[in-house]
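The following pair of complexes shares a single chain, subunit A, combined with subunit B in the former and subunit C in the latter.
Let's look at the complex of A and B:
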């Protein structure tokens, strides 16, 4: 947030007199203003000779603050905007789409946790192919562990193109493949950089122009835990702070730009020998939906269960088959 | 002598005090499990529990209870018909779930025959549904700066909304109050030569929130409900409530919401400023 001085041009009541008064109480920026007791400040301003001007100035800073947060909405407006902007994206696995009442939801952050080789990456690749094919939108795949495989995606897309039920013209493998963008990210700081760039391009709509006018609707981070695990631990709060910052940026992208966000997480052994998703207690407040994936080693059948959902009961399961 | 007599003379009788208090700070009927605590406007209640333990669900049920009318077209709904202000600090609020639960409540009150979800839409009183949903006011914040900015400018908003609806705000909800805990903790104070400049830190942010809430509650008595995930004590998945009342700062305690649940190892991690506004009362 800006220093108070920079508000001078916009608000005439914020004059040098007010700046001087605020500086004498240790207020130089809007942040200082936010953590200050304003009632006390107004009371102190009343004792000054130019109390009227000072109070007007304080009122104008409050007007500025009023534009710094989201507007209040009532339930009807909120419901309408959600119904209008947030749709479900089918993943292509029938059982999973039924389990999730329609697939991955735009505006939501979905976490997929599971032990190694439980089919997390397979699920992500499959979902990327299916979403890009079905909705003719683009998909961004942030790859943190070199797991992205264009071969597997093209296999999926070819199978979708070969399916006889849809007589669409002009859908080529090349067109669909070029709407799936992969980007390698190997540490948390380049992750911030990437997400920041993404937000910039989404807000200026450069992104749409770049990839043939197809809207970005799905963002996949495979896996988020390999970025975060190395920075956790130690005594300071920095690791957790970075982790939750990434969480908030992902949720902001999801909500503001109507993206469905899918991240994967590995599992660790918890108390009693049971495996549980990594990243600990504080991460639990980040995803809207947590899914746990497990796979029978003998077959290709994967089992998915709901660990947490904003609107559904936990514990429901569904299974799907991996092929190819 | 005369002035002393004047001074001794009582201001009001217990009955008129009672009437005045129950007018200004009515006790609130809350849906279970909050009904076990005698809460009234002006209290600040914190709902603590590990994730997931239905903390947000409890908030949502209380909100629905508040926005439903007591009676409508001769049907009893048992609500309070007041406004709710909801701060979504986790950014995980699901409005479609609110609308579903609200529809379910309305249909259930209308008659026992129409329970199935399929029939719901045909039986639903659309006018009532929209009127209820309009009483739910929502804001989303992504960080402490937005949260503070929203809190500092809430009073004119509160004023216009209650004038527009002709009814007051009964509930102020925060889900969850510790959403930015780790992010704020990592703020390093700037080394500044000015001694009276407050550092921007978890401590000062929490103090500002508490001080703002205090001022707000003085002029607009509301019931404040805040959720907070428990970071420790994972062994017990029971949900607990800590009830705090500003009149008795010495007593402390917790109220387990599910019977027979053991007290879990609870550790407060929010700064003391937040605990000061929340005086604990032993109900368990």
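Let's look at the complex of A and C:
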């Protein structure tokens, strides 16, 4: 538990006066503070000459502690918040949207696993183009294998713009493509840094005021397994914990800022020669929804099946066609 | 940002935690920056890509399926059975990257990392000579012969191929780690060819989990180099037999995890007596096949009169 004095420069009301006062009662760290009888402490503070400053400081520490945990919610509040906030983002493939009961769910982490060249990157590119077009929002694409193809995105957006039911005029290819951001990350530590910067930007007021119409709604990581495979296994458990931590950070971003997060994973050969998603048993419980993709030999038809879903039965499948 | 997500060694991390520092901002000043500094919009990338160059393979059909040739900023894996022409393709690309910009090339240098010892200087000399001859033939039509002859010389082409001979997997890892410094010093390197990436990882490599980790780390480092210096990376791979449901199938070596490491993949195979290339994985191009041939001049398109007989 950190010592109280490390809070000193963050909160000016926690000054040396307060620290001295606390130290005189044997309180040196935040843990001591929690364990101590607070009513007694406040009563004792009253008797001091600088009681106002001391009480302010104590209140500040208590607020800081309260902010460390997620607020309590009851079932009704959760249901209302879900109905109000958690929308589905259509991916643009009708069969898949029906399969997923509406598309990619905001607030959820969806994993798309499949063998090499099964259409994962194509699915992500198409979904990014479709979401940016339909919802006039921003999409962030974190790319680990230099496979972000602006050509494919422009192809998709041009087809959407040319379709008969375009309601709004004046939307251009440039406008829509400018709201799709792509960033390359090549190792797990730069991924943490990128996600941290993203969180800072999303939470700062400045960002929200600047970009009213292009709120970030979809975050795609293609692929998360290329970042984790180099560190998983080996001598220490560090790789394992980093993998779980990146999963938690992605889920936290999804819930806090109402994003839909889509990650891709590759497959490995399991027992009996069947393919199973990579990254092992511990990763299985991290995504909310898991999908398995496969492509028929030499064709453009891809089949998607549900491995895990929070509200749908597993094993259901749907197909989609990669055009062009 | 919390301490555990930073690359500290466990002992340093333990020391920081016991001193009470759990967040990066406890001991450094952090200012919120714009959304993921370094992110580009898709529109900017599209505009950049319009001017992106490709490295021609000297075979029009092969260039056709690759969208103009081997693209920069991407890792292309080329695999095939022994004798199909992987090393020939590697040497051809090492020469073709040096074609000056005026004649449709990149005017860059090449790094050739040889793990098998299959690079032959005499063959590179032959291919370089034919490449210059082809350029001269094209230039002859525009009467600029004199200028061309001065600038292109076989020795200059050979001098711009940086050759590394690797004898073990640790040397391979060391070379990849060293490449960043080397390329920053050299400037102008436009292609890295590793022939082959598989060789030292196949025999006597007991720990398969270690192999997966090392190879994926290698691939990620190459990706970073490709993006940072805007160059092409070509990795040549061997084949192995996979047993599925009692039948045997030829697939590329190094396993499933490795197949996800590249951006593009080309498989070279025999179709009767003809060599063919199949584009197996690409983020922006349709999967298709094209025939090619290996001649004394290097990799060329198939013309019905000069099909080479397969030597078995």
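Here is the rule we use: the second predicted complex is superposed on the first by the 249 of 324 C-alpha atoms of A that agree within 3 Å, B and C clash if a C-alpha of one lies under 4 Å from a C-alpha of the other, contacts with A are read in each partner's own complex, and residues count from 1 in each chain.
Note that contacts are C-beta pairs under 8 Å (C-beta built on N, C-alpha and C of every residue); 3 or more make two chains touch, one makes a residue touch a chain.
All values derive from a computational prediction rather than experimental measurement.
*Asks:* Looking at A:153 after the superposition, I want to know if it touches subunit B, subunit C, both of them or none. Which is it: first, second, both, neither?
*Replies:* After superposition on chain A, A:153 lies in contact with subunit C alone.
*Asks:* Give one of first, second, both or neither to describe whether A:43 is in contact with subunit B, with subunit C, with both, or with none.
*Replies:* In the superposed model, A:43 contacts neither subunit B nor subunit C.
*Asks:* For A:268, is the partner it touches subunit B (first), subunit C (second), both, or none of the two (neither)?
*Replies:* Only subunit C; A:268 stays clear of subunit B.
*Asks:* After lining up the shared chain so the two structures overlap, which partner does A:241 touch, if you call subunit B first and subunit C second: first, second, both or neither?
*Replies:* both
*Asks:* Once the structures are superposed on A, label A:204 by its partner contacts, choosing first (subunit B), second (subunit C), both or neither.
*Replies:* second
*Asks:* Have a look at where A:288 lands relative to subunit B and subunit C in the superposition and call it first, second, both or neither.
*Replies:* First partner only.
*Asks:* According to the contact criterion defined above, which of subunit B and subunit C contacts more residues of subunit A?
*Replies:* After superposition, C is the partner touching more of subunit A.
*Asks:* Regarding the shared-chain residue A:79, is it in contact with subunit B (first), subunit C (second), both, or neither?
*Replies:* first
*Asks:* With the two complexes superposed on chain A, say which partner A:252 touches: subunit B (first), subunit C (second), both, or neither.
*Replies:* first
*Asks:* Identify the residues of subunit A that lie in both the subunit B contact region and the subunit C contact region.
*Replies:* In the superposed arrangement, which is not itself an observed complex, subunit A uses residues 1, 236, 238, 241-242, 245 for both subunit B and subunit C.
*Asks:* Flag every residue of subunit B that touches subunit A in the complex, lowest number first.
*Replies:* 50-52, 56, 67, 85, 90-100, 130, 132-143, 145-150, 152-153, 157, 161, 176, 179-180, 182-183, 185-186, 194-198, 200, 204-205, 207-208, 211, 215, 229, 231-232, 234-235
*Asks:* So in the complex, which bits of subunit C are touching subunit A?
*Replies:* Spelled out, the residues of subunit C in touch with subunit A are 1, 4-7, 10, 20-22, 26, 32-46, 49, 73-75, 209-210, 212-214, 216-217, 219-221, 223-224, 226-227, 244-245, 255-257, 259-263, 265, 280-281, 283-284, 286-287.
*Asks:* Provide the residue numbers of subunit A that touch subunit C in the complex, in ascending order.
*Replies:* 1-3, 6, 29, 115-117, 121-122, 125, 140-141, 144-154, 173-174, 177-184, 186-187, 189, 192-194, 196-198, 200-201, 204, 206-207, 216, 223, 225-227, 229-234, 236, 238, 241-242, 245, 266-269, 273, 275, 278, 298, 324
*Asks:* Show which residues of subunit A lie in contact with subunit B when the two form their complex.
*Replies:* 1, 25-28, 31-32, 34-39, 62, 65-66, 68-76, 78-79, 82-83, 236-238, 240-245, 248, 251-252, 255, 271, 281-282, 284-285, 288, 308, 310-311, 314
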